[in-house]
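The structure under discussion is supplied below as structure tokens; questions concerning it will follow.
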Amino acid sequence: MASAPQIAEVLLEVLPYIERHREQTFVIKIGGSAMSKSDCLANFATDVVLLQHLGVKPVVVHGGGPEISGYMDRLGIEPRFVDGLRVTDEETLCVAQMVLIGLTGKRIVTALHQAGGRAVGLSGIDGGLLVAEKLRKDSCDVDLGCVGDVTEVNPAVLHQLLADGYLPVVAPLAADREGNHYNVNADHAAGQIAAELGAAKMLNLTDVKGFLRDPQDPASLVSVLTLDEAKAALVSDSASGGMLPKIEGCLRAVEMGVERAHLVDGRVPHALLIELFTDGGCGTMVVR
Amino acid sequence: MASAPQIAEVLLEVLPYIERHREQTFVIKIGGSAMSKSDCLANFATDVVLLQHLGVKPVVVHGGGPEISGYMDRLGIEPRFVDGLRVTDEETLCVAQMVLIGLTGKRIVTALHQAGGRAVGLSGIDGGLLVAEKLRKDSCDVDLGCVGDVTEVNPAVLHQLLADGYLPVVAPLAADREGNHYNVNADHAAGQIAAELGAAKMLNLTDVKGFLRDPQDPASLVSVLTLDEAKAALVSDSASGGMLPKIEGCLRAVEMGVERAHLVDGRVPHALLIELFTDGGCGTMVVR
Amino acid sequence: MASAPQIAEVLLEVLPYIERHREQTFVIKIGGSAMSKSDCLANFATDVVLLQHLGVKPVVVHGGGPEISGYMDRLGIEPRFVDGLRVTDEETLCVAQMVLIGLTGKRIVTALHQAGGRAVGLSGIDGGLLVAEKLRKDSCDVDLGCVGDVTEVNPAVLHQLLADGYLPVVAPLAADREGNHYNVNADHAAGQIAAELGAAKMLNLTDVKGFLRDPQDPASLVSVLTLDEAKAALVSDSASGGMLPKIEGCLRAVEMGVERAHLVDGRVPHALLIELFTDGGCGTMVVR
Amino acid sequence: MASAPQIAEVLLEVLPYIERHREQTFVIKIGGSAMSKSDCLANFATDVVLLQHLGVKPVVVHGGGPEISGYMDRLGIEPRFVDGLRVTDEETLCVAQMVLIGLTGKRIVTALHQAGGRAVGLSGIDGGLLVAEKLRKDSCDVDLGCVGDVTEVNPAVLHQLLADGYLPVVAPLAADREGNHYNVNADHAAGQIAAELGAAKMLNLTDVKGFLRDPQDPASLVSVLTLDEAKAALVSDSASGGMLPKIEGCLRAVEMGVERAHLVDGRVPHALLIELFTDGGCGTMVVR
Amino acid sequence: MASAPQIAEVLLEVLPYIERHREQTFVIKIGGSAMSKSDCLANFATDVVLLQHLGVKPVVVHGGGPEISGYMDRLGIEPRFVDGLRVTDEETLCVAQMVLIGLTGKRIVTALHQAGGRAVGLSGIDGGLLVAEKLRKDSCDVDLGCVGDVTEVNPAVLHQLLADGYLPVVAPLAADREGNHYNVNADHAAGQIAAELGAAKMLNLTDVKGFLRDPQDPASLVSVLTLDEAKAALVSDSASGGMLPKIEGCLRAVEMGVERAHLVDGRVPHALLIELFTDGGCGTMVVR
Amino acid sequence: MASAPQIAEVLLEVLPYIERHREQTFVIKIGGSAMSKSDCLANFATDVVLLQHLGVKPVVVHGGGPEISGYMDRLGIEPRFVDGLRVTDEETLCVAQMVLIGLTGKRIVTALHQAGGRAVGLSGIDGGLLVAEKLRKDSCDVDLGCVGDVTEVNPAVLHQLLADGYLPVVAPLAADREGNHYNVNADHAAGQIAAELGAAKMLNLTDVKGFLRDPQDPASLVSVLTLDEAKAALVSDSASGGMLPKIEGCLRAVEMGVERAHLVDGRVPHALLIELFTDGGCGTMVVR
């Protein structure tokens, strides 16, 4: 516990950051694994509510991968992969929808309420927030099923919830004009929502240190990536697996006008606050 | 297809109803079975969107029973009943939450979008809409688990969505002050939401003709129930099973200021429109 | 009287029309003869109030010819015509002003009140709505007197009445900057008001079937006239007499941005509703 | 023409009056005879526009007696009187409506426009401003016809016009719930409108010096009448003929909350300004 | 004391001026000497309050020279001049700040309150109204000290006070970005404030007749100066001493968009009213 | 400098305090001696700006005693005391007014600007904020001169400045209805302003530890005083000299509805933050 003078000192140290972030919209992506420990979720929720009290307008976008796999397993749904891509049939989509919206999203909402905020969980289906079409991979001749590519973002419902003082929590699902539902990548969705909302920042809380030039070497962490460097990274060996959509999401956001997109190491306690209110930002920042 | 003069005639016939309902809030409960046929859901959605275009502010509250049972079965969760009440353990609650919010609610949202409306699906957990406590039945000494009794309704989020032109779709879940989630009865929730919203009407779309004095005799349909008659019915033999919470929901609504609560036969095509825009209302109406 | 299912069916059939017309401004011209039978007027008023309840913002512009002639006759004022144009001296102008504003306009206002609306009758003189100058016909060397050519429309007073929920009813009189009053053609005035209000439609309720290629042959009705065809018609033999200003009014409206201008056969009961809410539109439509 | 210092002196002299009247609503009744000379009307209009520029919200209510009689005569309508009251049949009502709304009202509107204001002429029929019922005189067994007694005032339309910066000009006609029109006394109407608008003053511009204790003796002018004295005057010999409704109108206004009601000698040039901006108020003031 | 008809006459004479000035912002500079007699100040305050009641938004900027000199003398601060410019050291600045803001400004505020207005006295330091930098004269190599040159005007605080109905009273001090205070010339400040406020007029109340072509010859008064003539005057012999900044202030205002800048002879009683509400404007007007 | 995790820890520790203080108005009194060191003033300003960024609406009321005495001395004004009260003649009042408003107030304004805020310095004279009458002490028969007793607070100007985002800085001067100015006690003024503003707290930054039961014994600090205890203290030996008005100011505030009034030891660096955002509040708190 800090002493009174220390507290005063810290408040004054963060004052310039508070001034800088006031009235700005931040989109914060949190992955499924980052929420598995209830402690982590409570910490995250407290950070977000504090951000709101300091004048920021936070929008949370979440994943939920591990839990989806768990339920698929219990329901006896066999995962099928083609060229490394998961084939998402109707049944798999239902499980994703149920878990992401019905479980993960509401768990975050309740954590935010416990931390003193007022939150509303919704999905890209609601209010026409995310319009998608079926993702088609030229390189592969198998039907991937209900995986969507977001083609339009209608952020009106988010603007209104923020204006009314709510913390929106968004599950990455989408619908097309015919009423079909799609699973969409949460990292991509966060980037596109940030861009359409006119957010000042997109922060992606991951379970790695950031972007490593050499994935095996923690010392090769890249602090700042320009757009060009980020594009180069996408086709290099450095970015692979889950890192690919994370960098793509940052790229989309920054290309469409978001000032800065951050990959933040969510395993560090209160990484959000450290990133936003100290010079000791951890992870990788993508800038124009 | 109607002829042009017939269309004009009908529009003029419904004009007095339009005037009467304008600017009023109606809470409409729809059960899980009523939505099983996709045709039914599309019809229902069109009716609700039409209502909104005629100046009404509709709020949808839904159930989802059959599908919950289906998933429980597939997940190998054994249903346990004590004195006719379902014991809802943590796992059952998760399934209810997933199905109601993640599947049923979003299906209704998408149906409303297809019919031309803009909808947002949420649950009683969001925005603190429904605050519950653990339901305790004096008569039974078994712990029923996560079944909740709604003790507080905070309709702010609904008022704001309605003011912004959205159709709110509410799944009957709730949270307590400690962050525990509860399954709540949809009929009760609809009645209480109607009361707190200051709704003019609560309409419960069922799969029966209405309240029958003699459940075996369709001819014993009661068109109008006063509060006292409704209370008497609750302790009579006439109301039993699923009819009990439906009448209780109507009672709660009317006791707390809703002008009229209706049990409407949802199997009749476009029953909502017939109930609201013709003299030929079907079913049972509870009034003060 | 329609059955309940028929009513529901019709409401659903008109839903797409309701969606299309919502929040749009329609200027509706009604001629003096169309109002001579009190039945007609009551029907017309009900249609207009219904339109308002369905989300349309209607503005009524009216004529009043037959009654003006009646009062002139009783007052012993001799009609004088030059080249088919009525010479409007001061006395004639007074009669027109009295009849149109004092009698016809208020009769419409009261009919709208009886149908459930709230109406305000005014003239182009009020709020500077219609500014005119003396009409000068190059072709004729006789002073036509107080016949005006509208040179400016100030729709502020109409916008405000509509925003406050009133149905404006406009008599076709105007004033110039020096305070002289003028009688203006109601068909022209309706077209110009529609244009300046940014109306989506102008509907002219006439006592003919529409524009006939051959005025003697009802089968020669033209359903759609483009701007060029309408201009050609003005110099052809097809358009003559009262049809000329009607087509001119439609032309002015469409040239200045109104999407569609309609000549509607006002003798058909509830012609307005049929035109707006069915495919069986009667009469002639002028489009760009 | 005043010298520059005189102008400054006068402006400073009237400053306290300007402060006192700011933001207040004044109802100003002007009679038909007061407007017969165009000079008078122009002066009156200039005074009213000046009032508005000095922060007052003026509402004009007008009569139009002499011109109505002129047109009745020309139309060959025989006046009939019973016990001194004019029998107003349908035809007479039409003439009153036409002359008051169509001629007199619009003449005032145009005069106000020429003086630099923006005016809208309407009648008690419009916006449901004046609701009346058939006047029944116990003392007389003849049907007086379409003479109305105002039973309800709905000033919403006036509040809205004033808020939008318009000068409302009201003709004293009314309608009942069944849509019948009535002629109502302008002095009464002005008093009741003033009361319902929450006006601070009602000013009745007459063609006499004010209320004379002895109608034959100009020196018997009464400057101030309390409510009780006004009631006594009504049953005395002092008040008779046209003076009766004028005192009744003042009484109604003051009884219902208007601070002061004035009978002003409208023959004095710019009597309104003198009454409102100098100590030399002319005429009679009714106070609580 | 004027007679009632004279008062009416004058009000009507000034009506066109009232219409012209309504809703406009006027910046009024008053010098220290003009306020030395309490009578003058009271007159000035009454004029300003009257202006506000007539719909004008006045902003007062004041000097205070004589009193500053008096206090410097009493505090034993020796005035130092270099090339005719006063060297303003820290101590002199403190005296200027104290006298202008603490004494002169509050005296004006209280005079405005006594005249019936609501005033707020502030300085260019408050709300960042006037941002200055140290004035550097190329021609002189002595440090003039705390004399500032206004480089930025932030009129938000004035707009807000005016919108709330207050009369702002501004003392001519300024601050730079580092928090140093400066004395700035009141004539210049008034001109720049007028320009940034979008004022329609700047009126400088002086103690001379206006700009004289030959300073010794009162008959050489120039009524109108164009921008070019004003620039020429600045480098001529005609303008010298205190007249220089006054003409510069007018120039800056008019160059930056103020329609008219006036030098008014403040010794004439109620010169403001005479200038604004009569044709007999006294003094010199600078126009584009 | 704190480490990143420490910063996060502190932010989370203060979160409950931030939630508690949001949207509340705090009146903060700062004495003249507390501002003598420029360091102190800069610290104070930073604290106030931080408060505003954390959602608090701060109003500063200041004294300025030492500097007033300094200028009086330099101007050769002899201090006169009667029964321990300073006799404030016209000249002394002028010095107080000049120093408080012109120097001290603007120094605070500039310090707040340097810390990143937007401030406006005004006095109780401005906007009629503080209305006073001449203070009369029954016990003493000498005229104390221009010392005022505040009889009315009109906080409108403060509400408006706060709503517009400004930090108001108030010098303790007042005026009476006749336009006379008065010096008023800053401690009293702060208490009365807090009460009329509906402030949640009044904080008086002093140069002592708080209220000591035995003024000689620092260990006798009283942490909490109820209203009754505070009243008792006023007539005891414990409170004397400058402590008397400080306790009176707290008393007035709490009696009129302010929840808590604090005497804070302003010599502790960032005492404001420590008082408001930690449990280690220093000094004495007066509560109901």
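Chains: A, B, C, D, E and F, in written order; residue numbering restarts at 1 for each.
Basically, a contact is a pair of C-beta atoms (placed from the backbone, for glycine too) under 8 Å apart; a residue touches a chain by one contact, two chains touch by 3 or more.
No experiment lies behind these values; they were computed from the predicted model shown.
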Those chains which touch chain F and also touch chain E: none
Common touching chains of chain C and chain A: B
Interface sides of chain C and chain D: same vs different residues, half threshold: same
Chain A-chain E separation of Cα centroids, rounded to whole Å: 58
Inter-centroid spacing, chain F versus chain A (mean Cα positions, whole Å): 48
Centre distance in Å when chain A and chain D are each reduced to the mean of their C-alpha atoms: 70
Gap in Å, rounded to a whole number, between the CA centres of chain D and chain B: 58
Touching two or more other chains - residues of chain A: none
Category of the chain touch graph - line, ring, star, complete, other: ring
Touching residues on chain C, where the partner in the complex is chain D: 74-76, 94, 97-103, 105-106, 109-111, 113-114, 118-123, 125-128, 156-157, 160, 164, 166, 173, 175, 178-179, 181
Partner chain C, residues of chain B touching it in the complex: 1-15, 18-19, 22, 46-47, 49-50, 53-55, 116, 269-270, 273-274, 277-278, 280
